[in-house]
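Next, two complexes with chain A in common: one pairs it with chain B, the other with chain C.
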Partner chain A sequence: MSQSQPATRPLAPAPKMSAASLALMPVHFIMGLADKPLRALQKAAGIGGMATFFLAPNMLIFSIFVLLPIIINIVYSLTGGTAIFLNERTFVGTDQYAHIFNCSNYLDPRSCQEDAFWTAVGNTFWFVVIQVTLLIVCSLITALILNRDLMARSFWRAVFFFPVLLSPVVVGLIWRWILQRQGLLNYILYPFGHDPVTWLSDRTVAFAAAVGVSIWAHMGFYTLILLAGLQAIPKDLYEAAEMDGTRAMRVFRRITLPLLMPNLLVVVVLALIKAVQVFDEVYVLTGGGPGTATQFLTQYIYETGFVSQPRNAGLAAAASILMGLVLVVLTLIQLGISKRNENKGKR
Partner chain B sequence: MSRVTQFIFRRRGGKGWHWTDIATWVWLIGGLIIMFGPAVWLALSSFKTPAALAEFPPSILPYVSQQATVQGYDKPLTLFNATMPDGSTRVLAEVRRVGTVAQMVDPKAPAEIIKVNINQRTPVRSVSFSTENYVQPFLHFDFFRYLWNSVFVTVTATVITLVVNSMAAFALSKYEFKGRNAAMLVILATLMVPLSVILVPLYSIISTLGLFNNLWGVILPTVATPTGVFILRQYMLTIPDELIDAARMDKASEWQIYWRIVVPLTAPALAVLAIFSVVWRWNDFLWPLIVLSRRELYTLQVGLNIYSGELNVQWHFILAMTVVTMIPVVLVFIFLQRFITTGIAGTGLK
Partner chain C sequence: MGSITLTNVQKSYGAVHVLHDINLDIRAGEFVVFVGPSGCGKSTLLRVIAGLEKITGGELAIDGKRVNEVSAADRGLAMVFQSYALYPHMSVRQNLAFGLENSGMPKAEIAERIGEAARMLEIEQYMERRPGQLSGGQRQRVAIGRAIVRRPTAFLLDEPLSNLDAELRVSTRAEIAALHDRLKSTMIYVTHDQVEAMTLANRIVVMRAGKIEQVGAPLDLYNNPANRFVAGFIGAPHMNFIEGDVVESTGGTVVIKAANGEQFTAPVPLNGVTTGERLSVGIRPQHMGLSETGRGLPAKVRLVEALGSETVIHAEALGQKLLAIVPGQRHLSAGEAITLAYDGAPIHVFGANGQRVN
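Let's look at the complex of A and B:
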């Protein structure tokens, strides 16, 4: 068998190659046409100039759609009125921020002038705390299980990864369909003498559903990162522990957890950053309701700036800058952790 | 065979069932049901008729009540299995219902009317996949338009992302120039600024450029992804510089070096970015929701959300269209999942 292989091997990839190159032919043709003018450009600008040329398109799009918005967002937050274009807006200084922070009692969102913002902040805070905690616990358990000597491990890994790829709208609709009155959950509970209820019309249940659904949708992603971390732990440590007859719980506390800590910290901060911005799947699932029970910060920004009449772009910009500050702090923490991990790896 | 069983039931230590083995399999099977169950349930429901959808308790598979045309009646009548007082069962067609009593006829002898208590009969049903849910939205709603818009946005954005990001990554990895580190830092710093923070100013920029209510307004802000530049640059750094120097000696232009040497060698990373980009752009929701306000421009995600928010939600259509929206992502999952998972595990980026 092994002797016949060298003869057949060169033949096998040939048809695949030609099919691929055939499909790429028009692309090659266009890119080839670009060569002549670009040679002229290279002659004029030099090799260093070509670097600018390669960087330019990305930087241009980037400046217009990312950098510029960051800068003018600050200007927006200092203006008032209902106009969209900056030159038509009136400068109001820090009025928008003063409006947001105008509270008679800082512990009670209802006492604030802009109570919708503080309700959203409160909801987001509790969402972040509960969702991130449960998300990390679920992901860690799953990663630990997937790291065992399992049959068809890549299949099981894929199982938990599946919802990550689904769009937030699809996720929201799937769960709305399950939690509705004639839905699957009521059907499952029916034999236990539970009368059908409209789950999402209850404030607590709707909030719990928002937490649960977002965990369902995202845990596969964090499981993957944790699993990669677990697989990087040297096996001989476990073998040594086994030889010493160390108990499983102790192995976990003394070997797994400390060595996984860098990955765990990164995952926690990533999950925090994601959770602060929670919007789409919950918006499709509950629409922020019932009442304001599942209204979060991004939805507040979206509705203040684009849905409410009259639109209040200044207030939305001010709120988004406050949210941006929280995210910047979280990201800096994450970068700090990654840097420390890298340095540790070097040593 | 015994080796297979041994393999399946392989346990920790191999001596008896440890409790962690049981916990593992409970978690895995539970995960299988919870992760796939909802999507499967949605897909099965999408083949049900509106009447079957309103039923409680719902059936797992889509059933349709059988009907028959009976001589002497204009409309087709619904068939039932009726239990007779003597204990035998007959297939009867229902003419009308008065309170708890159904007036029925035997389809073979339609003259005689038989009265049956409604508790004594069950509808004759068969599994039937109702494809109308899929056909109707394409004919009577704009779903074909939405599908086209989504495909256009996804494909265009992905192609531009690949070209523009790979060019930038090439410049940032293979050239020495002033401000290179600054450019890299700025690109990475914007990872901190998600869309939800710059909604208002981005909207005003799009309006100024005349791209409001334009699919290009959805595409352009998404294509200069910092993630893409980062992944590609890391990969291009591993390509030896000697290769490029050799090409320069052979009088290759910089453009040819980029296109003929660097891009083909970066193919694995480009493939990962392409898959990511397709999934991102296909799933985008908040930004298209803001930029597109005319119905004929909606992408699938926006269209689905608008239809599901209407007062009398037509769930049978919504479910079918949700399944259609899921298809590309499920295909990616089945065939390309391995690339994505290794991509994430390697870079930690989503």
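Let's look at the complex of A and C:
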């Protein structure tokens, strides 16, 4: 080296103006302004007080838009009448719940006074059972395929994930355009000698369409979770199984499935929660019809509370509390599972 | 049973050639170690033999039968993976049984084989535990056990000791050697640790960049390395190399001139070297000593490592770094002038192409 090095390095490198530092300038400016008052505040309030200060905005928003409506909803469910404002409504106690559960035969929903609620519950139940089962099976198969060395694997992953990014209303509209009488499906089938069919006016087809469309719309999300789970399984376990001459089905049953189980459980519960809440895509697609064939619980609540004349906000509130209880149970199960998985990870 | 023959075996991933024309004859019952630096293709070669990778050229035969197209399961080999690859959700017993159940073996025979392997490896008390509840050394035994129960024609071990701590590595190494003596099966063992290679192998295969550099018994490689790479790789610490151009070669000595202009005389008869040719003269640190008579190579001490039983001297001579290991404890300090003796030391001379010339 021609020049002798200084004994110590210069304290700070010469400042360079990069695009990033330029973009951060307003941030630094604001931080500079906020610095002094925040320090003063911390001195006055202490560390715990600062935590409260920073959490307060979020807690405020949570209280106004989540907590308060829940409380108001509970209050509504205890009132009757057609008035909108709470102060004009009469207190009826648990009458709304009694009304819902007033059935002459508990095995026959049609014998109930509020049979529309029980029809919606029945529809939702079958929707949840069929949709979740098919959804999990489809997601698992898709994830297994996408986990292989495919050509253009990233492209296929994007293809399956893309519907998740669509707004539910868009999903509903797309499929209505495909399935309506002057829709794409009839247009394709027409040259093959099929007369145009009003697909969505058939009860079974409409229900199947509701299930199919919601699977199409949500599958990508669950596929992604399962794919992540599959990729976390070490490759050499499969190589060890290959050396042992394990048949593909046995590898799946004895290695893949047990090791994927934590992810699978999470996916099942998440899908259950989502399916119980089914509303938007299906409402846009079928409007609950034909008749009440695709009317689900959320739609019943919405129509009872906001559409029907006279509006029955009390009954709708009671129904939504009941639905909320089901969701709370499912959420607790989900939390329990994730906690168990976390503990397993620690071991 | 258990001979493995590789003839012109090649493996490439697209345009990347990982293995070039590998020719190797592994005899039944032999313990062969593949050794080489990271990325030399030793693990790929093992996986090719295992059948986990398809070869792209040449022929692979087990017991004289061509197995190029035979699946990994039907080659009758068992592999011990670097990560052990134990099934985390199964107990030790289930891990051992899993492979045997595939072939529909009767339950009684499976139990008997597992019992035998468990006794041999002293893992009987852990049979109902899961891999997550075992220590590294215990997992390692289970992984070996899973190979043993299959009674394979040959064992393939891919860096099986690399996840163990230093002490456990030494004891497990001895156990693997004992296991080989007992089972008398062919074992192929991959490692980058030349001490493991030296202590375990009947024969060592030194690899570099997808090619075999030399095959031989451990001491053959140590005493007669075929090229500079093998000379530098086998033996710890590395062999000293003195680089220089030939000044003259007469009778029993060759004189070379180092880059700094100083000359070095090596007492080794060489034929067919021309003046000006570049040579590397290799002398192992263990074969260099401190001269009592003043005859030898003048050097300067750079660093002294006192290990108690021996002293490692980092010295500089001819403008190059040299290492000498001398027995006992020597009190030397950095900067001190010494004379390195190499009388009677085995001297290895390599040409410009790296091949041995003496």
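Going forward, the second predicted complex is superposed on the first by the 292 of 347 C-alpha atoms of A that agree within 3 Å, B and C clash if a C-alpha of one lies under 4 Å from a C-alpha of the other, contacts with A are read in each partner's own complex, and residues count from 1 in each chain.
In this section, a contact is a pair of C-beta atoms (placed from the backbone, for glycine too) under 8 Å apart; a residue touches a chain by one contact, two chains touch by 3 or more.
What you see is a predicted model, and the numbers here were worked out from it, not measured in a lab.
A.B. asks: In the superposition on chain A, see if there is space for chain B and chain C together, and answer fit or clash.
C.D. replies: With chain A aligned, chain B clears chain C, so fit.
A.B. asks: Kindly classify A:L185 by the partners it touches after superposition: chain B alone (first), chain C alone (second), both, or neither?
C.D. replies: neither
A.B. asks: Once the shared chain is lined up, is A:I255 touching chain B (first), chain C (second), both, or neither of them?
C.D. replies: second
A.B. asks: Thinking of the overlay built on chain A, is A:L227 touched by chain B (first), by chain C (second), by both, or by neither?
C.D. replies: first
A.B. asks: Have a look at where A:L55 lands relative to chain B and chain C in the superposition and call it first, second, both or neither.
C.D. replies: So A:L55 only meets chain B here.
A.B. asks: Using the superposition on chain A described above, determine whether A:A317 touches chain B (first), chain C (second), both, or neither.
C.D. replies: In the superposition, A:A317 touches chain B alone.
A.B. asks: Looking at A:A240 after the superposition, I want to know if it touches chain B, chain C, both of them or none. Which is it: first, second, both, neither?
C.D. replies: A:A240 sits against chain C, while chain B stays out of touch.
A.B. asks: Determine, for the superposed model, which of the two partners chain B and chain C contacts more residues of chain A.
C.D. replies: B
A.B. asks: Once both structures are aligned on chain A, how many angstrom separate the closest C-alpha atoms of chain B and chain C?
C.D. replies: So the smallest C-alpha gap separating chain B from chain C comes to 6 Å.
A.B. asks: Shared contact residues on chain A for chain B and chain C?
C.D. replies: none
A.B. asks: Considering the complex alone, what residue numbers of chain A touch chain B?
C.D. replies: 31, 34-35, 38-39, 42, 47-48, 50-52, 54-55, 57-59, 61-62, 64-70, 72-73, 76, 84-86, 141-142, 145, 148-151, 154, 156-170, 173-178, 181-184, 186-187, 190, 196, 216, 220-221, 224-225, 227-228, 248, 266, 270, 273, 277, 279-280, 284, 287, 297-298, 301-302, 305-306, 313, 316-317, 320-321, 323-324, 327-328, 331-332
A.B. asks: Provide the residue numbers of chain B that touch chain A in the complex, in ascending order.
C.D. replies: Where chain B meets chain A, its residues are 7-8, 10, 12, 20, 24, 27-28, 31-32, 34-36, 38-39, 41-42, 45, 53-58, 163-165, 167-168, 170-172, 175, 177, 183, 186-187, 190-194, 196-205, 207-208, 220-221, 223-224, 229, 253-256, 258-259, 279, 282-283, 285-286, 290, 301, 304-305, 308-309, 315, 318-319, 322, 325-326, 329-330, 332-333, 337-338, 340-341, 344-346, 348, 350.
A.B. asks: In their shared complex, at which residues does chain C touch chain A?
C.D. replies: Answer in residue numbers: 50-52, 71-74, 77-79, 81-83, 85, 87-89, 98-99, 102-103, 132, 146, 150.
A.B. asks: Would you tell me which residues of chain A are touching chain C in their complex?
C.D. replies: Interface residues on chain A, with respect to chain C: 234, 236-237, 239-247, 250, 254-255, 258-259, 347.
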